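Naming follows writing order (A, B, C and D), and every chain is counted from residue 1.
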Amino acid sequence: MEKTIVIYDSRPSLKDPLFIECLPGIGNVGKTAGDFIADSLNAERFATIYSEHFPPQVLLDDDNIVELANNQLWYVKDVGGRDIIFLRGDCQGSTQEGQFELCVEILNIVMGYGISGIITLGGYGTGQMVDVPRIFGAVTDLKIKKEYKGYGVEFPPGDPAAGIIGASGVFVGLGKVHGIPSICIMGETSGYFVDHKSAMAMVGVLMKKLDVELDLTDLQDKSEKIDELTAKVKEIDGRNQDLGYIG
Amino acid sequence: MEKTIVIYDSRPSLKDPLFIECLPGIGNVGKTAGDFIADSLNAERFATIYSEHFPPQVLLDDDNIVELANNQLWYVKDVGGRDIIFLRGDCQGSTQEGQFELCVEILNIVMGYGISGIITLGGYGTGQMVDVPRIFGAVTDLKIKKEYKGYGVEFPPGDPAAGIIGASGVFVGLGKVHGIPSICIMGETSGYFVDHKSAMAMVGVLMKKLDVELDLTDLQDKSEKIDELTAKVKEIDGRNQDLGYIG
Amino acid sequence: MEKTIVIYDSRPSLKDPLFIECLPGIGNVGKTAGDFIADSLNAERFATIYSEHFPPQVLLDDDNIVELANNQLWYVKDVGGRDIIFLRGDCQGSTQEGQFELCVEILNIVMGYGISGIITLGGYGTGQMVDVPRIFGAVTDLKIKKEYKGYGVEFPPGDPAAGIIGASGVFVGLGKVHGIPSICIMGETSGYFVDHKSAMAMVGVLMKKLDVELDLTDLQDKSEKIDELTAKVKEIDGRNQDLGYIG
Amino acid sequence: MEKTIVIYDSRPSLKDPLFIECLPGIGNVGKTAGDFIADSLNAERFATIYSEHFPPQVLLDDDNIVELANNQLWYVKDVGGRDIIFLRGDCQGSTQEGQFELCVEILNIVMGYGISGIITLGGYGTGQMVDVPRIFGAVTDLKIKKEYKGYGVEFPPGDPAAGIIGASGVFVGLGKVHGIPSICIMGETSGYFVDHKSAMAMVGVLMKKLDVELDLTDLQDKSEKIDELTAKVKEIDGRNQDLGYIG
């Protein structure tokens, strides 16, 4: 039987698009940054992916209209001369096998659009409040590493030592298997809340890569609230900034 | 290999049937209401579905005749001019993937009968004794929402916030995917026992939708026992009505 | 890929064979009784079944020769004019789905031999020392129930109330689905050890069904050790015979 | 969909190669010994296997170049007149079913190269510091047992009583199913750390089998550190050498 159902809104004609994955993860840094860019660029959804590997669940909007758990593909054309496909959604696969299968199936779809590169967006959890979040990278080859160093991405040797788990890892790994230049960009984050500040730093890197200017006002406002939270936490306990998971 | 075995008793000829799911769930509100309506309308079983996704188990009747865990499809013709298919059974899929697969397979079967709408029956667990159970809804579109408001179904915005899990959620979600007007009807219930009172309220909504009158005497008797139980619980502790799971 | 590997020693020509399942289960009553009968009748193995659903494990014999976890089919011809296929082994499927799939696949194989009936052998766990183990039954139809009542099998209405889980349940359930007269025979047992006494009672029933006399000396000896154990337990604590799991 | 992806570096022409499995396991004895031999013999990788059954994860090297979790096949020609295929990697399948499926798929690949024998390398965990690690064996037939006795492998009857779990067990079990002479060689180890000493003893056996001399200096150095560790542990507590898991 058909385990994955893909419903197309349209079949856009795209030229060597860049594929950017921004699913939920640590501190939701990747999702926040990716959704912000997709929305700022007025990306359009062209496919919705339903799968047995997502939770058997619907979510409701404010009109009580249901939506079965899914991932979506969105596109935008001609960003600094380049087309982009975004992978967005509220969930990743529920099992290890399911995560792998979904990545293979989704990569098959976007490879059908001739993607020229993969960027996965994730978080690098520190368990500590972070003043100035750095952006780390893991790549498929030295050329792409050099390029992103130029955008301010840092590459502490062999870090993260535990590797990268989930869609952000698998897509880059499969990118290497298929010879597609790929990078996983990770925003440093405590991991304790949705980290708009780290996401803003990540958007900064991506604006350089994509050669666009975006209005960061909204992200800036939310980011400042993170600063306030960090300050409060430090006030309460300057030595022990380990909060436990608060959201 | 064949993971799902469907055995047909008959292949009824049905016209644009409504598909009503009434499998076990919170407080068994949906199962109780659905089974009551199916039995009252003298529905006939036409297919039994066995699957690796159900528990590897037989149940026994009073003659010690076994029955492998299954779901069944029942039909009734010309209820207020409309044909109906009921999905009934004693279990849902054992795993998340299994629940999704079963819903897809069963929906494929009933779509073969040209279903014109989906109603899934579930419970809305409050963890508190409920005096007058309300009936809540989640829908695929605003038109069906408006219709069911007319039958007394309530739609508190975005509620339940955690969405709807299991067959009641997935069928409505898949209904939206396939463009079939669908609603999940949830009867408010403590969730602590089989809630005939909430089921009776749900039957009230469905009698309006189906434009039939059913003899509610039996459901009324059982419902009054729920009232007695609620009164006793209140007597014991007027402030804390949280019982813990007792059945 | 091929998930199940079946290796044939021979392809015996059998006439309407009876299929007897004797895999491990509660108190290993069914395995002990079935293996005893198969060995007493000089049954021959004709197929070995390997599967991803068995543990990924080899066992060693005293020569350190390995054997991958498996189930086997054995046959014997002309037992009171009837051929028999036995399902034997040291394991059942590791997961719920695996148990179901294996039963479906194995049933497909033995249905290819035109089986005329199914007997599954199991245990009925009481958690209490049992003086005179009774033999209970669960059936696909009233005719087979009447036959086995004549062999001394008891049918307390609707018992076991929790149904029958695993191969002993699923084969009988699938037997009903396919219209094959089937019975699950359960030997009453504490469930705390391999229960040769309950197995001997079960062999008594099966000797009547198969119309054969077998030499029970060995089973009798082991059964008497169960009696000694029961006596000791009673001596230690006449009131509380609940031992906890000791084997 | 394609659950297993095999990427070939080359398609070597091999004559009746021996297949040696050296994946991670107890004390990493097998991995350490196998990797040492493959590297000493300048084996070349010819295939990389990616699968949904491995963790959905990439690891990073010191250049932050990613590598998706995988197993690899390496070959070397003409070792004492014999060709060899090594199975190497950093992980085994995540689930029981996955382990079995991977072994079947990988065996299918190497059987395509006409393998003439299988050697799986594992650890035999004692939970105690081991002064002079012995090498134990489990085999598919008495002939191979006799051969390896000549290399110093010991065969205490029926030991390990719990059998052998994972790739080291399944490959030998499948070897027997397919009539390929196979042995699992297990190095005695506490199991508490990567045991180079046990691995060196195992390499000693394999040098005899393969009729090669390898430079053991590096392994000897690491092995001596194990001796120092053992001595220290004994000093601290001569009676209780049970360390708990420290690495």
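In the analysis below, a contact is a pair of C-beta atoms (placed from the backbone, for glycine too) under 8 Å apart; a residue touches a chain by one contact, two chains touch by 3 or more.
Just so it is clear, the model here is predicted, and its values are computed rather than measured.
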item	value
Interface residue overlap between copies chain A and chain B, same or different (over half shared)	different
When chain C is superposed on chain D by its C-alpha atoms, the rotation angle in degrees, nearest 5	90
Most distant chain from chain D, judged by the mean position of its C-alpha atoms	B
CA centroid of chain B to CA centroid of chain C, Å	38
Inter-centroid spacing, chain C versus chain A (mean Cα positions, whole Å)	54
Multi-chain contact sites of chain C, meaning residues that touch two or more partners	3
Chain-level touch network, classified as line, ring, star, complete or other	ring
Residues of chain D touching chain A in the complex	1-3, 5, 7, 50-69, 94-95, 98
Of all residues in chain A, those that touch chain D in their complex	4, 93, 96-97, 99-101, 103-105, 137-142, 145, 155-161, 163-167, 169-170, 172-174, 176-177, 182, 184
